[in-house]
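Every chain is named by a letter (A, B, C and D) in the order it is written, and numbering of its residues begins at 1.
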Amino acid sequence: MTPRHVEHVELSGHILDSLLLPKVLDAVVTRGATYEVQEFRVGRTQGDASYARLEIRADSAEQLDAVLTEILSHGAAPVHPADCAAVGADLDGAFPDGFYCSTNFRTQVRLGGEWVDVAGQEMDCGVVLDPPRCVPMVGVKRGDRVVVGRAGIRVLPEEAAAKRHELFEFMTSAVSSEKPKGVSTREIAHAIRRTRAAGEQVLAVLGPAVVHTGGAALVAGMVREGFINVLFAGNALATHDIEQALYGTSLGVSLEKGIPTAEGHEHHLRTINTVRRHGSIRAAVEAGTLTSGIMYECVKGNVPFVLAGSIRDDGPLPDVVTDSLAAQDAMRALLPGVGFCLMVATTLHSIAVGNLLPAWVKVACVDISPATVTKLMDRGSTQTVGIVSDAEPFLRALDAELRHG
Amino acid sequence: MTPRHVEHVELSGHILDSLLLPKVLDAVVTRGATYEVQEFRVGRTQGDASYARLEIRADSAEQLDAVLTEILSHGAAPVHPADCAAVGADLDGAFPDGFYCSTNFRTQVRLGGEWVDVAGQEMDCGVVLDPPRCVPMVGVKRGDRVVVGRAGIRVLPEEAAAKRHELFEFMTSAVSSEKPKGVSTREIAHAIRRTRAAGEQVLAVLGPAVVHTGGAALVAGMVREGFINVLFAGNALATHDIEQALYGTSLGVSLEKGIPTAEGHEHHLRTINTVRRHGSIRAAVEAGTLTSGIMYECVKGNVPFVLAGSIRDDGPLPDVVTDSLAAQDAMRALLPGVGFCLMVATTLHSIAVGNLLPAWVKVACVDISPATVTKLMDRGSTQTVGIVSDAEPFLRALDAELRHG
Amino acid sequence: MTPRHVEHVELSGHILDSLLLPKVLDAVVTRGATYEVQEFRVGRTQGDASYARLEIRADSAEQLDAVLTEILSHGAAPVHPADCAAVGADLDGAFPDGFYCSTNFRTQVRLGGEWVDVAGQEMDCGVVLDPPRCVPMVGVKRGDRVVVGRAGIRVLPEEAAAKRHELFEFMTSAVSSEKPKGVSTREIAHAIRRTRAAGEQVLAVLGPAVVHTGGAALVAGMVREGFINVLFAGNALATHDIEQALYGTSLGVSLEKGIPTAEGHEHHLRTINTVRRHGSIRAAVEAGTLTSGIMYECVKGNVPFVLAGSIRDDGPLPDVVTDSLAAQDAMRALLPGVGFCLMVATTLHSIAVGNLLPAWVKVACVDISPATVTKLMDRGSTQTVGIVSDAEPFLRALDAELRHG
Amino acid sequence: MTPRHVEHVELSGHILDSLLLPKVLDAVVTRGATYEVQEFRVGRTQGDASYARLEIRADSAEQLDAVLTEILSHGAAPVHPADCAAVGADLDGAFPDGFYCSTNFRTQVRLGGEWVDVAGQEMDCGVVLDPPRCVPMVGVKRGDRVVVGRAGIRVLPEEAAAKRHELFEFMTSAVSSEKPKGVSTREIAHAIRRTRAAGEQVLAVLGPAVVHTGGAALVAGMVREGFINVLFAGNALATHDIEQALYGTSLGVSLEKGIPTAEGHEHHLRTINTVRRHGSIRAAVEAGTLTSGIMYECVKGNVPFVLAGSIRDDGPLPDVVTDSLAAQDAMRALLPGVGFCLMVATTLHSIAVGNLLPAWVKVACVDISPATVTKLMDRGSTQTVGIVSDAEPFLRALDAELRHG
């Protein structure tokens, strides 16, 4: 009988129906450790919280540490917490070894015996103190006090139970093209209205298929009516939208006639060149060159947007932020106040924004390929509901719900 | 210098812009033979036919035969034709060796120096004489005179050039979810109207996602209004349609609320059982049990339908033709008079029907997966235009076009 | 305060880590009922069973019934059970109204106070007594005693906890093309060996892409070596396999050269015709016409196979069971003794076989499209692990594992 | 009879079997213009060139211009050419209106009556004179002489006929998961050897699934053996590769055991942090921290690489070029000398590189989703052959071909 490596942890809340306790038990066993339930009080009814205290036993310090790190993100915290530990960064743009790596769940650090909220919650960051906040790797400065280890950290995962009675209650994580869409669309319209009523903002993350499939006017209307308050997209969405406004085509294909028009494949490039000659999208609007579409409505309605650059961009438009780190920062700056996020037809931007959003901002991700939603959820954006649909039909249905709903 | 195996063939018509001549030249070279263009008269304008006479030279009789067989289906015929050859079938349900294998293009056989049309054109059949007609392998009877070889056979492929000025002129074979759908949908509505105006019938081939996605009422309306005149489907489409009529669910999922209802997964089976207790769908309608939906409208409007069985069927409904050969024959019996075919959300039935249709019946194939359309075209149903879309949004748009168009 | 509709149920076993209890609580709340946990004993360690007794309260008898029906399949049974009820079938081929609808989990019925196992467990059937067995709808005979309602029925769902320590322990239900395949393949090889060692049989369910992608020789070797003991497929798999043996092509494409060969598209049909002329695949083997491939090895090794017909079949081969109900029965007859099922590249046959298999026969489903696996699991075949891979590379890797493993 | 707008154009070469003439005729008719074939000399055999002179008649100058612009890219040039026209750029970073928009086909401009090759051929650029060269929009400087209109420009499209007898002769543009892969893989191995033998370089463009699926060691070997000479990828590929070298995991999933390891999801970030602490990948190699994998072999073998940034990047690694325009320029700088390009499992980078490559650099694009290849070809990279396959099995087969071939 070798002495065992042991820790006592506790969980409370809707740990049964939110699956937190089963996940914790699974994590322990999967990693080769064992548990003993030392106390368990089950919530008598669905309104009541449950409580569990577990003893975790491992064969080595490494194994114990691995288990504790894993279950921390499911809400299991040591029964006897210590303050968190921090060391000073020795370099700009890199963390000290052993840095604590953040999730997108609400997190607290223990300082002087008090639990303090971490600001700017974002996954895959470090936590820097004074005051506690999430900081991406490139943002750390030499001398910053960076939290290391997992002591004195408490993660408060979203509770599925709570979620069930609210938004998206009916939706499961399963993504399938065989599910009825009408209800999902109605619920998204409802979420958009509620977000607006709560004084929060609706963020739209859009790919170019929104325009290709004929949905630009619908989105433009939603911007104009105040249903979309922040826009994240890439060069392609904006260019196709402006191309449609200037030429009536998208990537040279006439949306009216469906045939590639003469010189059509050039419209894309001529559109970008025209805007570059103006200096910015706003300048093109003010000069009277651009008079309709999504970008036009953003300019007219002062809806802020970030157009993030990509290596496959033509041009790009003068408004595009070609540096990816600068683009991430520009997006971060617009996230406070966002209460709901609608992603349509873009894998790249959906994952990028999913990386930045805290877990409590609900996300609806619409794509004709189920793989996009699966990827988003695999990467930790578990607050996402997926709808497998083509862009335009979804937008048409959403528009109808928003108008008459 | 070995003596060469040589044949002279000719093509005429829109052989340039329909790509028939390039295909013939490609087939010759790919198979290792060579050609010499002995005469070429190009149509001066797009209204004029062209003509080409080629000498094909091969290294062996086998190679020459392979080339000639291949180019026969692109419309190249020997300059000096012979009558076709036929031998008597020695068995029921199997052809003699060397049988001519049909395409879905209009075909003629030469008998007594005259070119005679083959009836019941269908791909992958044999041609039986007295009179000349396509017969599937299982349909041949001992003693039938079956055409063998490729002598005395003339294939008249559809000309892309002609097609270009008619239906679907704007559509290319490329299948992409990034194309605008509005125009395609309008053109399909136009084709349906034209088919009806010509006194021909519109055949719908439907998969269960038509119901899952909420499109049953739309299709029911099209049946009622006479826009769909023949229906081919499987047990699943009919069961989900009737389940929705009886329980308001599809596979147990409420189309209204979007949540799986209690006992929902059983509705499917109880639906089938209920109809089986009545004896047939028509009996369920006449008893007042079934009062709405696609199958109801088919019964009320005497729209003929074939429900073809499959090994994944539950039940099945009493109307399902569980023998696949009997189901194929039931479908064949309803094809004469069909002028247009709309396939929605079914790979299995789409390919089955594509196998039966002659190449001059235009097909629109709607599926959320581009692979379905690709498979259909790979299997020779080249008259198909594909639309990548979810079922319900497409049907909603088509319904609007049919109503207001 | 209206009087409530109340029932007391209990669950025991690994109800926490197998997620059964959370699923039960979720089902109660989702359907609008409420629960009170009246007794809860948690297993102290992962080896120990847990126990829960719940009071379920509903607003109506219908609601209560809906909840109880749902949670029955998660293993919750009334605390005070009654005997099951049965009524005589009044018709051939249809159940009485209110029939109990089976799952694919191990099930018992209570007769004379004793719990008796149901034989031939299969989802979506009824349970007929004397002795208790699953019977599909078409199989019921007038006068059969059919179980109705949910009284006296106990479902014993597979416990995820148990599963975790055995086969497929590492795999989650998530299906993704981004997962490493090496481990999955090794584990499937391990499962095949273990099945064989246990004296059970390995069932392979194969689609034609097995041949298209070049995997026929690999499968033929597995049949020869005794790694595949039963084969379910369709006309296409067998025809392409035999076509490759006779002509070296699959659907007319040379697997050696990759180019469509002359007359290639006809090889398919000529292959079927040749076998039809022999009368059966076995006769073609015995005549020395067929000398290699999957079907050849099945004949030589007396490996039983079912070739189920489909409406998209050409021909078909004389061995094909063209009636879908007869094909289902032929498959059912070969299932006893099957301990593991490998499905490769076929959606239709995978779902068909998934419908027939009890939940304790583990299934590995390999397909290049994640949608196939998702569909299988959505239809209740939750014992399935999915591998997103092309057929041939998977088979090559599996073959290597089986040989050298 | 209104006076018509008329131009005379000619084409020569393998205009029949390369489909150039049919495409030209189609373009004329589709745009509503008409043609008259004024001279046509057909190549007698497949070795001979053909020649066509056409009169194009349009209803308006705009229509004529549209047709001529379109057919220019199919190799049709005016019978009586003029010199090209150029105007000075009035701005940095934007072209004058009416700039000629380049294709990826070999192009010449007429200067002083002489046809001069355009250097640095790349699609969607302008042509700047002194000397003639393709310049992207952001690269133009005020005062540069930019070609406008389409006079004096000659495009020399790749001839399918020529291509047919060389590399990839057997492959069609059709992308299907049902095609045999063995031959394709062998041909790619052949192309890589031939490229190397010709003293040209093989460019690999790789996505992270190369590592996820277990292919890193295979690629590392190809780099070491000199089969890959230039590498373009993103932060993810490099990070997962280095993560595997440091931790044995990819995105936290053990490639050996297939299970998510403890702290696994953090390995990704810790990997990046470690390399950032070193300052560069090369520094990590030189410090002995990184001792295996793709990036290690690139450093050891002085194989140049570009890691292009993206907005979904974590970190990123210090070597990542986060500005998309700088990344495009870094890639352009490495293209001269590249004779073959292999793209595996990356849509974003494949399209980005496809935008930069001239049409005569053959591309093999391997992806588990057919959509990636379709997108690449839709965007003009028509020299691409697509293979639908998972990354690792393809790489394993390619490795075997390269070793033993």
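One rule holds for everything that comes next: a contact is a pair of C-beta atoms (placed from the backbone, for glycine too) under 8 Å apart; a residue touches a chain by one contact, two chains touch by 3 or more.
Since the model is a prediction, treat every value here as computed from it, not as a measurement.
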item	value
Partner chains that chain B and chain C have in common	A, D
Most widely separated chain from chain B, with each centre as the mean of CA atoms	A
Inter-chain centre distance, chain A versus chain D - centres from mean C-alpha coordinates, in Å	32
Mean-CA-position distance for chain C and chain A (Å)	37
Inter-centroid spacing, chain B versus chain A (mean Cα positions, whole Å)	45
Sites on chain B at which at least two other chains make contact	30, 177-178, 259, 371
Chain A - residues contacting chain B, complex	170-171, 177-184, 187, 209, 212-214, 250-251, 253-259, 368, 388-390, 392-394, 396-397
Residues on chain C engaged by chain A in the complex (per definition of touch)	16-17, 19, 21-22, 25-26, 28-30, 34-37, 40, 42-46, 52, 164, 174-178, 370-371, 374-375, 378
Chain A-touching residues of chain D, taken from the complex the two chains share	30-31, 63, 65-67, 69-70, 91, 93-95, 97, 99, 101, 124, 137-138, 259, 261-263, 265-266, 268-270, 272-274, 276-277, 308-316, 322-325, 327-328, 331, 348-349, 351-352, 355, 369, 371, 380
